[in-house]
């Protein structure tokens, strides 16, 4: 297999939408795709694909040596506030959280190599002020279009793929065939591994991060060929991940972590959605055999954000 | 006019959807409404109705004597992280914010009087743990359905309604007639005053909060009669607001603040959306004369939240 | 034994330093006491009595159902910042923490009963703006004076008192006698139980909070008779604590939690210092038999704070 | 004048206290100095040199393009908490703040150039985990010793030095002579410019940061010759600062910002204390002509901190 650099170069979308482009493959969803996507709504269900924001999320936190912790929610005012006239009781609250803590989109500025981000922007443009280029705020209306669920776990008759399962292109083809769906340019691909469900069912945070099933580096080629607009999954990082004692590595390249991230985000300009919860959607699709839906996922508009939390919806 | 307590009692939805109900008028949007709403998408535009989250938002902050401040965004990691193998540069970030800081839904637990919240839940159930009942997490898939823009500012030929403008029921009827739309049960009403646009155009934070145009207390009856599912507006608080030196009052009842909030949220169980940005939507609707759209507004799923930020969309 | 209310009334210091007083027994440390305290410095050692602020502290955090979590420390800027001229690399950082997370003083506004705080101030004066009266900012130069260590654990020949050990007045007398010290009006009493050391040695956070050795309710009388200015201890709450499944109770009154807090803080106006680390001080005092020292403990001047973190020193 | 690099090399303390040393000139305060310092306490006054932590501090905040904002203080619990038994009302609170927001010590890891920090540690050792070397936690008992106030403003008969005033070595000698004090090895020098007082008196935040009086680069030689242990001042940055529209520069080297910081912190290993409030201390010293005192300044023990807030005391 070629190195991730060679693969990245061969799949690159740099310049495809102009040298100033900051949103990459999201350019593939235009008015026509959006209109067609809305037509897929038939049973009138709105299914949330987002994890709750609370202290019980999947982040190990600083005591486990990562800067990512679960959201901290503080009620900051409650009472018959003296500055209000009359008979009123108001309650306010506050949140502190890493933007990467729960269900989220990675901004294209989130990861880079050799000093460059997607479309050649310098990674020096990310400062304490946030991302000058390719920040999540450039995705101002979020990701909306036709979503397609590929339920890889169900395809294998499993509740959850095992942690060392690396999803190949051939496997994606097999799921597509079995489900009887097509994947079209501009689609938002939603990959179900069952891994987040397993965490919800009691897997420890440590085990959740030690390794997870996910896409292979090689599947990036498949994604490029199908020209999908975004890929979301119910695992840690969309891509398969495993860890050595001194940190994460990629099953696709044990000398290197996050190779899929680097090729898809930095070279292809592909938006990734992580830590999705696909339990309810998976069950609904299996029930009626409809795997396409209207995907509406407007992220918070964090100025210069390197990612943003959101509550993505499947409207079906 | 009756007192707000009398009005609240006459418009009450307590028990209408059972004694355990925690989402109020959102019960009015069912599968049929959602499916019909999706059919309104015709030009394939996705319009964000959310303010950016940054330091330049409308909150005065603690130095001005309010607990609400603008979001603080911190880049917390950037660099070739030593714990990652290989040639990778990752950037992460973090946000701290009041959940009421920018474009938001109020949870039904946000406001109460006489010790009770919507549907009779005790306001003692709001503790430092958040809202046990009627929290924003009960609105797990956000608000989705048929949105109708009532552009009150344009109706008057104004860019912005003056700060002392109190919108009456008769005025809502006039806008409906002029725009040629209907308002049906389960619709999400979006009221444009132009006030947030004026802030964006340079109005000071102090002036923004001193008074704002908005709905009258009396309009609550109109909302109840039309059985709308939610009301959102591009002002501070949906309702008209004015302030005396010692705090806010309601133009509808100068002895009392937030009377519309109390009747709509607490008695009717109506979800309010505040600090929306309707500049782009208003222009788009005026351009082609279509004032209905698919409203998709999935709030963050903050467990026990008294409100939640979001990036609402009009899909048209 | 009398109820805590009766005891509180009998030990009350309300009005003793005027009706406007907000610092209680800290009035007992005047210039004379401070000057004398400085004279106790003889070996020239500065011993920190503060816990480090990090993710490994004693707080269970929100996932364990308490609003108190360990400090979160974020590095927010590092790099050759573009807005600086020249060859400079600056690193900044940020902290979020409950003021009660680690070594701390309780403000007199921290606890109240029957609607009143120390000296009769209404507990309604604590709002989202903080404490209008009796906030920690009223202790602007912290607590400085003659410190006396009473090493109760060593007195019993133990490394750590058992979690159900409730320290009586008679026991304090015995330690005073054994150590050959006197306790004078205006002294700062430092009580060593060994409990924080046991946490540092590996006791789980759950066990740390389930119960802890500490002062009895009855010892409040002893503290009042000796007119100490403040009491600090290396346990959770100065007072002995035990827990039932549904929350903490006081060994001195199993119907009631925090009875010692209520009598000492609210009735006596006594400043309490919690979560001190007395490992090094205990060893130093045992080594040379000197149990008095210059206690210098300037808390952060948090405006309206209900407590404040600090790094207390024993200068000996 | 030599470049800052040449000056830094000539004043360097690298290796002076061993190659593993992480606290630099604080090594100059030993038991003898501490004991002697305690003897200077004569009138029994404790004077706080710290600014209050509130929303009215000197930080411009993110809306002015800096990552430093004033502390945010949130009351997070107040009420008769349901999980406590009995008649108790507890109030807790929370703070979020940049460690550089108010009165603070810079850690030696705070600034570097040419890839190296004090004593040759690599600046790559500062990661999102904080400072592995030379963090503020290495100063575990804070800075305690003999303090000497040099009241430069009063020396000139001014309330505040003008913003373009750059304090020279000759000037320090003149103040020493006029005040009749000596500066000895291991002393903590406290420089009064009046600049923070001017902010407290109403100077705008913008003017406060546009330029400030302070020490010259050349004075680093004087500090090295006198072998002081630390230098604190009532201005932004100890050193004189001025700004061009695109960022700060140093009056001592207009091509370069923070030259004094780089030479003192990085080359000399000198601890700097910033944003001190010397109003009360200046008045007290002027009143009785005693300019020496016991300086007790225990910073918060932030693990890996690049600085830490504190409430420094002058005990006199």
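In order of appearance the chains are A, B, C and D, and numbering begins at 1 in each one.
Simple rule for what comes next: a contact is a pair of C-beta atoms (placed from the backbone, for glycine too) under 8 Å apart; a residue touches a chain by one contact, two chains touch by 3 or more.
These numbers were taken from a predicted model, which means no experiment stands behind them.
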Enumerate, in label order, the chains that touch chain C and chain D alike. A, B
Give me the chains shared as neighbours by chain B and chain C. A, D
Do chain A and chain D, two copies of one chain sequence, contact each other through the same residue numbers, with over half in common, or through different ones? same
I'd like the angle of the rotation relating chain A and chain C after CA superposition, in degrees, nearest 5. 180
Distance from the mean Cα position of chain D to that of chain B, given in whole angstrom: 46
Taking each chain's centre as the mean position of its Cα atoms, how many Å separate chain A from chain B? 27
Please output the residue numbers of chain D that touch at least 2 other chains, ranges allowed. 54, 65, 67, 73-79, 92, 94, 96, 127-129
In the complex, chain A residues that touch chain C: 54-56, 61-63, 67, 69-70, 72-74, 76-77, 79, 81-82, 92, 96, 124, 127-128
Could you please specify the touching residues of chain D with respect to chain C in the complex? 30-35, 38-39, 41-48, 50-54, 65, 67-68, 71, 73-78, 83-100, 109-115, 123, 126-131, 137, 140-142, 144, 244, 246-249, 253, 255-258, 261-262, 294, 296-307, 309-313, 315
In their shared complex, chain D is touched by residues of chain A numbered 65, 67, 74-79, 94, 96, 128-129
